[in-house]
Each structure stands twice: as structure tokens, then as C-alpha cells.
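Next come two complexes built around chain A: one with chain B, the other with chain C.
Up next, the complex of A and B:
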């Protein structure tokens, strides 16, 4: 019953919003090559369904691999940065590089250095790495000092403290980082695909060349659905891991 | 909170509707500033337009023209259709597709009588023809959405070739991989490759039977109706500019190099030379530079229908306007 309470309001808002948009586009007379009607986009989803789904699967695969790599690398790098104050001060500013690098500019270079499909995964990795580092580091550095002292009183070594206290208490922050990185990984994958080909990115590029604005919107819609699905998956993970003990998952 | 989100949705839809209702009728009359949108950075393929500006051809015909350079992915056909600009450059197949999608653009002047689109391979591979290339191994970088790519796929098939996206103007992958073939404009990438010490060999798509007019000056139907004199003046000015450029490209080349510092002077003059035979043909000697025929438009429309790129075509005369006769079309 509670599940319906969570799904129904956004579903209704979506349907009503789509209907209003449909009427607005029809009434305003905007030409279809500038802004297609939602009904035209739906029709394209049906007509080109198999092509779009195959592209969605490719993008999902590449985004997920890039995302998984950035999650693992992000946690490891954060662990390294949190090990000593001087390490953090020396190297954390350079981690920001991953946030600010304009991926569309280096994507052609990535294509030259790696194979075409690997380049897409690297794009997804680069774009989604920084939130993982930043959030994990924040979590590792904000362990309850009282608990840290308790561990020290009991004679726990650094590795023990890290594994049994700091990392578990950083899990909520890691999950926040995952939520942000997931969507970014999809964006990174699609940007990489503009240059390297394959997946929804190349569907968008092809459709744009053919002046099929409805197909562009259909592909973009699927990309958003992918990001949403990833977000939902991480929320589920969060609920499963945190429901017993963390305030954020307790109603 | 719920009221706010409803208001937000309604406001957004209102904005979109207002944007779509932009008044397309209030375009400037002759004498007012005209924006002419190019579909790439300044290069030899636009030499005649810059020459027209330099020799004062636009001014002589009463036009105040601003040439706006484009880049990768500039949506010129949509910009003209929506009224953002009044004149732009597109290719003929783009125009036919646009019309089929409800975008009423019409062609006025075609720079390239022969399409410069080609596939560039390494001469060391010993491939003698385009069909041979398409049956070979290796990698081919083309922009798959383009009609010529569908034409090639339908006519010859891509066989064992690995198809990857086209590197827009960037030849580094070609230079480093002997098995790499890519789409190109015969006036551009092969010349750059040769300059970089490579061994390019180009097969023209036109030779395979697909030959759309390219670098075509277009405007909208309603603009043409309302400002036929301006459109005619534009065509005459462009014709003069291209004549000047073909006779001596050096002045316009210098201007384009200033506007596009990435241009290599030698490559630019080699491009200007290479494109002569594509621009000046027996057809243009008879009917003037940039002239077009209904037959070629019909052929192209038929090809696009066969490729299922468009569902329906209009009579060929609707695609272009012949503004040469004093009374216009």
C-alpha cells in the first residue's frame, strides 16, 4: 500500500504534464522539427523501439562499468587521502581536476589512446569520479570523535579502526556519492558516444543529422530513464544497508 | 508546495509556446543588416563569399551582410527555418530532408556542382576503387546519419568493415593507422594529410552516383516571397564574389586565415585549387556560377525516397529558385 503512495503522485504528475505539453505544442503551432509533440516522441519509441532499446543497453553497460570503476577507485583514493593529513593537503586539490576537465574536449584524445568502446567507459569514469572521492572522504573524516577515542582506548590499530569504524560510518556518505555519480556516469557515457560512437549518444547524433527531432527527444528520454533507474537502484541499496541503524532510512 | 510545482509546469509550457510563436514575418528589408550563417569555420569552400564582401559585391547590390562562421554541428537548416537567420549554407540533401520535415527552405545558389564528399584511404593499401574499399577489412569512419552513408551501404554494403564515427576534421587517427579510412571533403582532409607527410587517396562519392549540390545558399519560402529583390541581390553578389575568388583567391584567403588562425596557408591555396573543377563546369559556363537544374534536384529526391530517408517529395522546382531572369522566379 505504501508503495502505491510513493509511485502514484509522480506518475500522475508525469501523465498530466505530458498531456499539458501535448496541448501546448499543438495549440502554439511550433513546427515539429523544432519541438516535437509528446505523442510523436511516443510514436518514435514504438516505431524505432528495437534500435533505441539496443542503444540503451549499450549505453547502460558502458555507464555501469564506468560507474563501478569510479566507485571503487573513488573509495580507494578517499581512503588513501584520509590516511594522513599531509596526503590529503597535497593531493586532494588535484582530484578536483576530474570535476572540471571538459570531457567533450578530451574525448577525441581518449578515442586515440583507447579503443572506441573503452574510450566511452573512460569518459563515464572520469566524469563520475570526483563525487565519489569527495563524499567518501567527507564521510571518512567525520567519524564521531568519541567513538574514535573508544577504539583507541581498546587498543585498536589503524587498520582495525579504518575497517571497523571509519568505513562503516562513512557508508551513508558513500551512498550519497553513488547517487550523484550514477547520473553523471550516464552523462559521461553519452558524451563519449558522441565522439566514439555506439549507444544512445550516436542515436542522438544520427537523428540530429537526419533532422529527426522526435528521435532525439526519444533517445534523451531513455537516457533520463536510465539515470532514474540507476538512482532508484542506489536508493534501494541504501535502504537495504542502512534501514536498521541510520536515521536517513528510518521513517 | 504542490501549487508551486503546478505553476512551474504551466509557466514552462507558456515559455515554450511563446518561443514557438516567434514572429517570423518581421524580417529586415533590403538595406538592413543580413546575417549569413556558414556551416563550418572559414575555409576555401566559402572563399567566394568572403571575396564578395572584400570586393564590395554585397555593398554594390545594396546589402549589408554579416558572414557568421559556424563549426561542428551548426544547425543551419533549422536556423533558417525558424527565422534565426535569413540566409545560410546547407547541402542539397539536407534541404530536401528539411522540406520533408515541414521546414520550408529553398535553394538559391549552389557553390559545388560536384559534391566534394569522399572517402580517404591510404594509397599504400593499393585499393583501386570505392567498392573495393567497402569489401575490404579495416576501419571506416563515416557519419552514419548522413544520406550518402546510407547510399553507400545500400549500394555496396559495408561487409567486414568496422564502422566508427567520423572525426570531424581531425586526421590524427588517419595519420597513425594504415588501415583507417575516413570520410572527407576532397578539398580539405586529403590536402592536410598530404601536408602531414601521409599518402591519402580519395574516392569521390559523386563517382559512385550520389551527387548532391553542396554548400548551397538557402533562405525560407516566406522570406523569398516577401524579399525577392534582396534574395536576387544576394545571388548576384555571391556570383560576383565567386568569380573574383576563382580568378584570384589570394585576398580572400588572407582574410579567411585571419578569421580562422588554424588554417595553413599552403593547405588553403591547395584547397582553392582543388575545388575549381567542382565549382566551374560546363553547366556554370552556360548558366552562370551557382546555377541549378530541376533534373538534378529530382534525381536527388528520388534517391532519398529510395533510401527511405524521406517519405514523400515535392515537385523538383519547389526546392530551388531561379532568380536570374529579371522578373525573378
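Up next, the complex of A and C:
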């Protein structure tokens, strides 16, 4: 029952919004190549269903692989950066590089360097890496000083302090990083596909050149569904791990 | 009347100076001897170096000059890691571990085997009266219960020296009185020295055999006072004139120290 209480209101809002848009487009006489009616978008979803689903599957696979790689690499890099102050000073600026790099500008380079689908995965990876590093690092560095003293008092080594204190303390931050990175990985994959081809990115690019805005909308809709599904999955993970001990998952 | 027992670790502090990078001199030339097995309370205004003193005794910090020795120099035995325990102002539990595993943490870090760990932790939890809460998580516990878990965690190694930094200051008065009684009971049953830092004169009188009052920074000893009360501390004691007299002595010493 509680699940329905969460799902129903946004679903109703979506349907009402679509209906209003439908009527607005019909009555205003805006040409369909500028703004397609929601019903036309639905029709496209059905008509081009198999093509769109295949594209969605490609994008999902590439985004998920890029995301998984950035999650693992992000946590590992943050662990390294937190190991010593000088390591952090020396290398953190280069981690920021991943945040500031204009992905659309280096995507062509990536296509030259890697296979096409690998280039897309690398795009998703680069775009989603920095939030993982930054969030995990801030979690690792904000461990309760009293608990650090306690671990020192009982002679705990670096490894056991990391494993039993720092890393568990950082779990809420890691989950925040995952939430941000998940959405970015989907965006990164689609940007990569614009250049490298394949997946929803190609569908959008081709439909655009054919002035098939209905198909553009259909593909964008599927891309957001993908992002939402990922977000929901991470929230579920977060609830499963934090419900016992963290305020963010308790009502 | 000072109760001194053979068990527990003594502390010898000679001319200890500790200044911080920001120029604050917490301690300067402090001398203090705590015999083995004594329950000593340390009082003083905020920032008089009480916590610094505890951290030095625990080996978490080093003095710039002077010496601080826990355990008899030469005779007696040198303290091992299991001989020391520290209780902070707040419980500071690991929120992702249940009560049992929080209490087992020191044993785990000291590489004690799983079986013995579980056994000792259960016993420590029983001693603070939390046997029913062994599987609960810290955020399901009240402030007083969390503090008792913290106390059980400190006692699990059966330490010879227990250092406590205003441990019950954040609790309400009734809970604090209960915990004071429990702590005094734990001390009587165990063989350990307790150094208890507090702001409260009545808490110091109720708990300790001896109270040392420090002055404003840098902390020096204004009053070193044996608490003249029966060894058995029951809550009725709080209403007696002897209790009021001892509290008064400490209060006046605090005023002299510039509180």
C-alpha cells in the first residue's frame, strides 16, 4: 500500500501533464515537427518499438558498464587519495580534471583510440567518475576523531582502521556518489553515442536529421526511464544497507 | 580515608608541559601521582587541560617536557594495550554495528579469538544491564543506554586503568546518578584505577576517593582532597551533611582556581 502511495501521485501527475500538453498542441496548431503530440510519441514508441528497445538495451549496457567501472575506480582512487595528505595534494587536482573535461570535445578522440562501443563506455566512465571520487573521499576524511583515537588506543593498523572504520563511515557518502554518477553515466553514454554511433544517441541524432521530433521525444523518454530505473535501484540499495543505522533512511 | 588497593595501574606525572600550535599552554609543570586502584576525580574549569591530561595518560598525545608513566617504572608490569581503556564525553559507537559487536570491537582490534570475544562481550553487556539489547543498533538506544554500551566496550578488556572524559555530562540527572552508581559498582568489583574528569562537584564526591581540582589554563593543582565518605556509595549518601561538606570543599577550590 505504501509503495502505491509513492508511485501513484507522480504517475497521475505525468498522465495529467501529458493530456494537457496533448490538448495544448492540438489547439494551438504548432506543427508536429516542432512539438509532437504526446499521443504521436506513444504511437512511435509502439511502431518503432523493436528498434527503440534494441537501442535502449545498447545504451543501458554501455552506461551500466561505464557506471560500474567508475564506481569501483572512484572508491579505489578515493582510498588511495585518503591514504596520505601529500598523495591527496599531489593527485586530487588531476581528479578534478574528470569533472571539468568537456566530454563532447574529447569524444571524437576516444573514438579514434578505442573501438566504437568501448569509446561510449569510456565516455560514461569519465563523466561519472568524479562524483564517486569526491563523495567517497569526503566520507573517508570525515571519520569521527574520537573513534580514530579509540582505534589507535587498541593498536589498530592502517588496514584494519580503513576496513573497520573509515570505509563503513563513508558508505552514506558512497551512496550519494552513486546516485549522482548513475544519472551522469546515462548522459555520458548518450553523448558518446552521438559521436561513436549506436544506441539511443544514434536514434536521436538520426531522427533529428529526418525532422522526426516524435522519435526524438520517444528516445529521450526511454533515456530518462533508464536514468530513473538506475536511480531507483541505487535507492533500494541505499535503503537495504542504511536502514538499520543511518538517519537518511529512517522515517 | 583513601582506599588504595594493590591492583590496577599507578600513574606518575612529573613536570608535564603541553602547549599547542596555536600558542595555548594546556599544562605547564604538572605533578600528580595516582596510586594503583584509586578512583580519582579531576575537576576544573573548561579548557584547563583536563582532557589533555587524559590523552597524555592514554598515550594518544605526547608532552613537550616532563614525564608521564603509567604502571610502575621498573617494578610492576608495563601496560599493554588491553590494560588501558578510554571513555569519551559521548558514546561514540559504530552506528553500523549492533550492541554486541560494538562491545566486541576492542577485542577484535586486539586479535582476540571469535569464541572468547563473544563470551567476554556478552559478560560485559550483562554487567551494565543491557543483555536484552545485545542485537539492537545504536540509533535504537537512548542516550543513557548508549553510554552504558560505551562503558561495556571500555570494560570488555578488563582494563587496569580506565580514563573517563566527562562521560555522563550530556545525560539527564537521574540517568547520570544511575550510571554513577553503576560505575562505582563496576570499579569495586574490578581491579583497576579510574581517572574521572568531570565538571560536577557532586559527581566527583559521589564517585571518587580523591578529588584533584585544577586551576584555569595552564592547569595546576589548586586542591588535592581525599573524599571522606564510606567506601560503599549508595544514593542516600547524596542527602547527608558529610556529602554536602565534601561538595562545598571542592566548590570553593574551583572558585579559587578562577572558575
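Here is the rule we go by: the second predicted complex is superposed on the first by the 251 of 251 C-alpha atoms of A that agree within 3 Å, B and C clash if a C-alpha of one lies under 4 Å from a C-alpha of the other, contacts with A are read in each partner's own complex, and residues count from 1 in each chain.
Definition applied: a contact is a pair of C-beta atoms (placed from the backbone, for glycine too) under 8 Å apart; a residue touches a chain by one contact, two chains touch by 3 or more.
Owing to the predicted nature of the structure, the values given are computational and were not obtained by experimental measurement.
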Partner chain(s) touched by A:218 [first = chain B, second = chain C, both, neither]: neither
First (chain B), second (chain C), both or neither touched by A:196: first
Partner chain in contact with A:71 - chain B first, chain C second, else both or neither: neither
Chain B or chain C, by number of chain A residues touched: B
First, second, both or neither for A:247, with chain B first and chain C second: second
Which superposed partner A:230 touches (first chain B, second chain C, both, neither): neither
Touched partner set for A:33, first chain B, second chain C, both or neither: first
First, second, both or neither for A:129, with chain B first and chain C second: neither
Residues of chain A touching chain C in the complex: 144, 146-147, 149-156, 160, 164-165, 168, 171, 244-247, 250
Contact set on chain A toward chain B in their complex: 13, 17, 20-21, 24-25, 27-35, 108, 111-112, 116, 194-197, 202, 205-212
Residues of chain C defined as touching chain A within the complex: 55, 58-60, 81, 84-86, 88, 90, 92, 94-96, 105-106, 108-110, 137-139
Residues on chain B engaged by chain A in the complex (per definition of touch): 5, 9-10, 13-14, 16-21, 73, 75, 77-78, 81-82, 94, 97-98, 101-103, 143-146, 163-165, 167, 170, 172-173, 176, 309
